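This is the structure, below, for whatever I ask next.
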Amino acid sequence: MASAEIRNKIFDTPETNYLNHTRGWKSWAFTLDHKRIGVMYLIGVTIALFLAGAFALVLRWHLFWFEGGFLSNEMYNQMFTLHGAIMVFSFIIPSVPAALGNFVLPMMIGAKDVAFPRMNLMSFYLWIAGTCCLAAAILSGYGLDTGWTFYTPYSIETSTGVIFATFGAFILGFSSIFTGLNFLVTVNTMRAPGQSWFKLPLFLWSLYATSIIQILATPVLGITLLMLIAERTMHIGIFDPKYGGDPVLFQHFFWFYSHPAVYIMILPAMGVISELISVYSQKRIFGYSFIAFSSVAIALLGFLVWGHHMFTSGQSPMVTLIFSAITFTVAIPSAVKVFNWLATLYKGSILLNTPMCYALSFIFLFGIGGLTGLFLGALSTDIHLHDTYFVVAHFHFVMVGGTLTALLGGLFHWWPKMFGRMYNDMLGRISCFLVFAGFNLTFFPQFVMGSRGMPRRYASYDPEFQIFHQWSTFGASILGFGILMSFGVLLYAAFYGKRCGANPFKAASLEWQSSSPPDFHNFIHKPILHDPYDFDSQVYDKDLDTYIPRELADPKTVPPRREPVHH
Amino acid sequence: MNWLPSNLFVPLFAQQSTEDIAKIVSEMNNDTTTPMSAVERPADLSSNWLSSEFHFPEAASTFAVTGDYYSIDWLYMFVFWVCVVFFAGIVAAMVYFCVKYRRKDGVIDPQPSTSHNTALEIGWSVGPSFLLIIIFVVGAQGFFDMRIPRDDCEEIQVTASRWNWKFTYPDGDSSAELHLVNKQPTKLVMQSTDVLHSLYIPAFRQKVDVVPGRYTYFYVVPNKEGEYRLSCTEYCGDKHSQMRTLCKVHATPAARKASTQWIEAEYTPWENGERLYKINCSGCHNINKAGTGPAFAGLWGKTENLMKGTVKVDENYIRNSILYPQQDVVAGYGPISKMNSFKGKFTPEQLNYLIAFLKSPAEKPQDNDKPAEGTGEGEKNAEANTEVH
Amino acid sequence: MAVVDTDNILEEEHHHHEPFIAHHFDDAEQQFDSGKLGIWLFLVTEILFFSGLFVAYTLYRIHHPEIFEQAHHFLDKRLGALNTIVLLFSSLTMALGVHAAQNGDNKKCGLYVLITMVCAAMFLGVKAIEYSHKWDLGIFVRSEFSYHPHTAEPFHVSPYLIKLSVIPVLLLVGFIAASFFARASSKVALSKFMGGLAITVGGYFVGVLIGMTFMALTAENEHAQLESPSQAPLVLRALTLDDDKHDDGHADADGDAHADGDHSHADGEDHAHGDSHAKSPDLGRDVGIFFSIYYCMTGLHAIHIIAGIVALAWIYWRCLVVHWRPDYFGPVDYVGLYWHLVDLIWIYLFPLLYLID
């Protein structure tokens, strides 16, 4: 057993940490430290979220009146396009992996950094460049009005800044590939001695599955966008029906990436939830291997279902049938996860603090998002619902109700680790409630108007839908306020929150064995490896006011093990 | 400046009655930016939200009939109940656990329980998949119903262009709204002159994309008279949201003929097609006897042997053969076809005429809709038109 | 649970790292394995990047088989084969270079890498000849396609070739000057490096010359083809024949080619039968789809060759400053793998584009 000196040295709040060991903007701009890159990514994606979220609010208030409020059709079209493009390419895809993942992934395997730190920084700068290209579409005065899907031939003909935007998405694709490649290699080669695949936290399994998708799918998007640019500049005749091309081929190429991209967005979120549910229930996650393999299954099945975005495009009925069948199989691993999370709650010791509230909201919202996918996977109902607000509501339940909720939950969970300070839990829970309530108010009415036949991307609509849009608009305002509030709570905590110890939540994965905030090298000691869900391995230390591994605790105060460790 | 919408008098969150909406719509009729739309019913939220009437617009096609085993409405409600049951179960369990096992007074005290149970895992993986299979099979059956048209369809040509619909009927007349006959199986043969569009009639539960460069088909059997909304659901640019029109279902063909503002055609598509054929094709293609090119009689619908493989002769094949003669050369006429491409020489409409002609090149199809010139019915029709004008 | 030696738990502040091991790796082996896995994954993304084009190729070949069967007659198989040999040889030298680096023989490694770079540049030179020749004939992508065959004098320098060669000329001059300048200021390694780059760019001009020689040798043959159209490939015939006599079904046309840019006959009814039809440009334009795909694929491949040269130059530089040692040669290995992949893609492109029948 280690002496008190060593314990203090390891776990006490250090004077120098990764935030302050070097100073000046250059030490951030040229840093190779995964933690700083993660924090910079977090700032970046948050700005993207607020920008695209502001667009969303403008859109919603425009739709408050059935004949359209204050935007011209052109403005409306550009705004929903940029809302979608920035949200998807600049926010959701990098949000959990690049911001949270960057910070915790190396620490979870006891490594000092990711395998290729320079590539990591490069990925961040590519993200900036790509986002700037998207933004340049606005600033250049041309705008972008193709929808985030860039469907041909409209994207070939429109006079807006398609080349800027597609090039931006192309660059963002490389940013995403670099992150994924880095994570795959890091998890493969840099795990702590003795850390087998089945001792990885589930968050890493989901990041690993995500990285596989990023590596396999994103290059196809890259080449598709390059071909689109070539089509626009030189009319090569591959997508343009005027020159003998096939516009539906573009849809196939596009969705070959963009459907797996949906899993790039949701899988890391599921990983976060697996962590939160088990830590705040203080119970070993139920069905570890089922959750782990369901991530991989979702990643692989995700490559085989892209055709379900084209059920109405006139593709051959046989192909349609096959895509529908495979689509249903994706439902199974997703359901498995939800059931396992519920089983983890059973007989746990559930702490309803802010991150847990977000995790429970996730189960609720993702449950709705996933179940409504059944309506869209079934062929005949999809014919009716395709391209209506039902689809809009469905994917917002998954993307916002799922990913954004998990991102916020994850931030509240790891915030004390990142900045060494605790947030105000009550305000956090209020913000969670606002997000939850506002979100449901926004998107529930959209299901009803969708199945009643309200097409998406409409700047004005039939008066009978007005009441649904009005509810939705009010909900969106509450949701926007809730998100602002949660970031406000976090930001305040980062500077003025109460100091907290290394492991305030009694979590057992390795990142909690570093000090809060961590040292530049992550660990100043050799981290002691436990099963990440063996919470009994951590014991309370009174002097440090935090939880530490029982091997390092003062033998006089260590309580006996509560239960036999079984797997 | 349009900052303050003119219709602020519509109270917030009010449920609009049919009269309200009819009033709004009639006011809007003078406003060219918003198309006149059918009103199927107001935003009636009072109906039972567990019934399909709450979730769907009025049902007006065979695909929608409630109670029909394959119908979309039935499947929707089936999936709805599956979702409700599962979701209620999940949330109930979640809330119950959170209340029962919540941490009291900060004492961390999880009760021992197992962390895996393979039988349970396999059970909840495999169990729900039976429901998934049911949903898939019923959905697929419904889908094939919606995609495979009956043989006795009336064919209506649809031309979508930014941001208009044009519907051309077998007798050559056309209209800006879609006019159908009740209980008459109908196949819309759709093409786009510019970008992607999608024809959607919620009351029919049917939707098909209109893809430039090829023909797509929209099949429906309306079974209720009335006026329904028809909208474009594939984003097509500035006035996408104004690419809306009406679909009217009439009782009989005669009623349709009489009550519609037609854009009259001088000749039927077949007649136009015959004229085009004589000018452009007859040098090489005879009706009955093979010439430089294959004969046309009996061509439609058959499976043609090509230099490589076979193809069914349909709209897309004819179009391709006219525009890209080298692509599918008929066996015995290759390897390089002697035909020149007519790309850029025929408008999409003229292609339709040729197709109409090729469907029955030997004789003019008997068309009951289009009265012969000078008959009494024709005069009546002419009267109807003068009234309109 | 891991057995913990709690007395010895603190990391020693300063590992005695070898200078070539990055701080976050434990040892050379871990670093090498990470790099190797990384480069393999990168190669996977590269393959998928190209796969989009291969899928487009496959689909259009299914849709327009007649075009793909004929279009390769526009491509010069001999130049393609020459390039294949050049690339295969460069793969060999690359492998030898990696072997030399493994042995820590920086001098030999540098030599092999230099040869590889020269081969890569030669490849680009031949490619430039191919491209400029096609552009001379009006073989562009789909929308610009306007084939007008003519035979050029042997060693005719196309204006397109001059445009393509501007940058290599500038680079050549710049590198030679830099090399001398570095030698003057007695920076030996830098001078050698710049010299190597100059030799590499020289490889481009060697490629151009070889390509021209091939063209000159085959020009006669090509001329003959155009003179007697019955010998010419069908697409050439279809593109060049005048179809006045299409009624009797005999395509015995003369070789008189005319580029017909005007194809704006909007109204079909204007074309009464027996009009002397203007030559339909549409078959030709559909051949353009083949060339759209051809330019996309070979263009993207050429970009990868250029990227490869840059990476090889970096390796070459590190050879000159003697970086490689038997326990540290990872980057040579990684760049070598990349280079083999670029070769491999060409090995697929060559038969798919040049040899299909």
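Chains here go by letter, A, B and C, matching the order in which they are written, and residues are numbered from 1 within each.
Definition applied: a contact is a pair of C-beta atoms (placed from the backbone, for glycine too) under 8 Å apart; a residue touches a chain by one contact, two chains touch by 3 or more.
Nothing here was measured: the structure is a model prediction, and the numbers come from that model.
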item: Farthest chain relative to chain C (centres taken as mean CA coordinates); value: B
item: Chain nearest the overall C-alpha centroid of the shown protein atoms; value: A
item: Cα-centroid distance, chain A relative to chain C, in whole angstrom; value: 39
item: Centre-to-centre distance between chain C and chain B (centres being mean Cα positions), rounded to whole Å; value: 47
item: Euclidean distance of C-alpha centroids - chain A vs chain B, Å; value: 37
item: Junction residues of chain C, two or more chains touched; value: 63, 286
item: Residues of chain B touching at least two other chains; value: 324
item: Contacts with 2+ other chains: residues of chain A; value: 244-246
item: Chain C - residues contacting chain B, complex; value: 63-67, 234, 237-238, 243, 246-247, 249, 251, 263-269, 271-274, 277, 280, 282-283, 286
item: Residues of chain A touching chain C in the complex; value: 1-2, 6, 9-10, 106, 111-117, 177, 181-182, 184-186, 188-190, 193-194, 215-220, 222-224, 226-227, 230, 234-238, 243-246, 249, 253, 521, 523-526, 528-530, 537, 551-552
item: Chain A contact footprint on chain C (complex, rising order); value: 1-2, 4, 6-7, 9-11, 22-25, 30, 33-34, 37-38, 41-42, 44-46, 48-53, 55-56, 59-60, 63, 141-144, 285-286, 288-289, 292-293, 295-296, 300
item: Partner chain C, residues of chain B touching it in the complex; value: 275-276, 279-280, 282-284, 292, 308, 323-324, 326-327, 329, 335-336, 338, 340-347, 350
item: Partner chain A, residues of chain B touching it in the complex; value: 2-3, 5-8, 10, 12-16, 21, 24-25, 28, 31, 33-34, 37, 39-43, 45, 54-57, 63, 70, 72, 75-76, 79-80, 82-83, 86-87, 90-91, 93-94, 97-98, 101-103, 107-117, 120-121, 124-125, 128-129, 132-133, 135-136, 138-148, 194-196, 198, 200, 202-203, 205-209, 211-214, 216-217, 229, 231-242, 244, 324
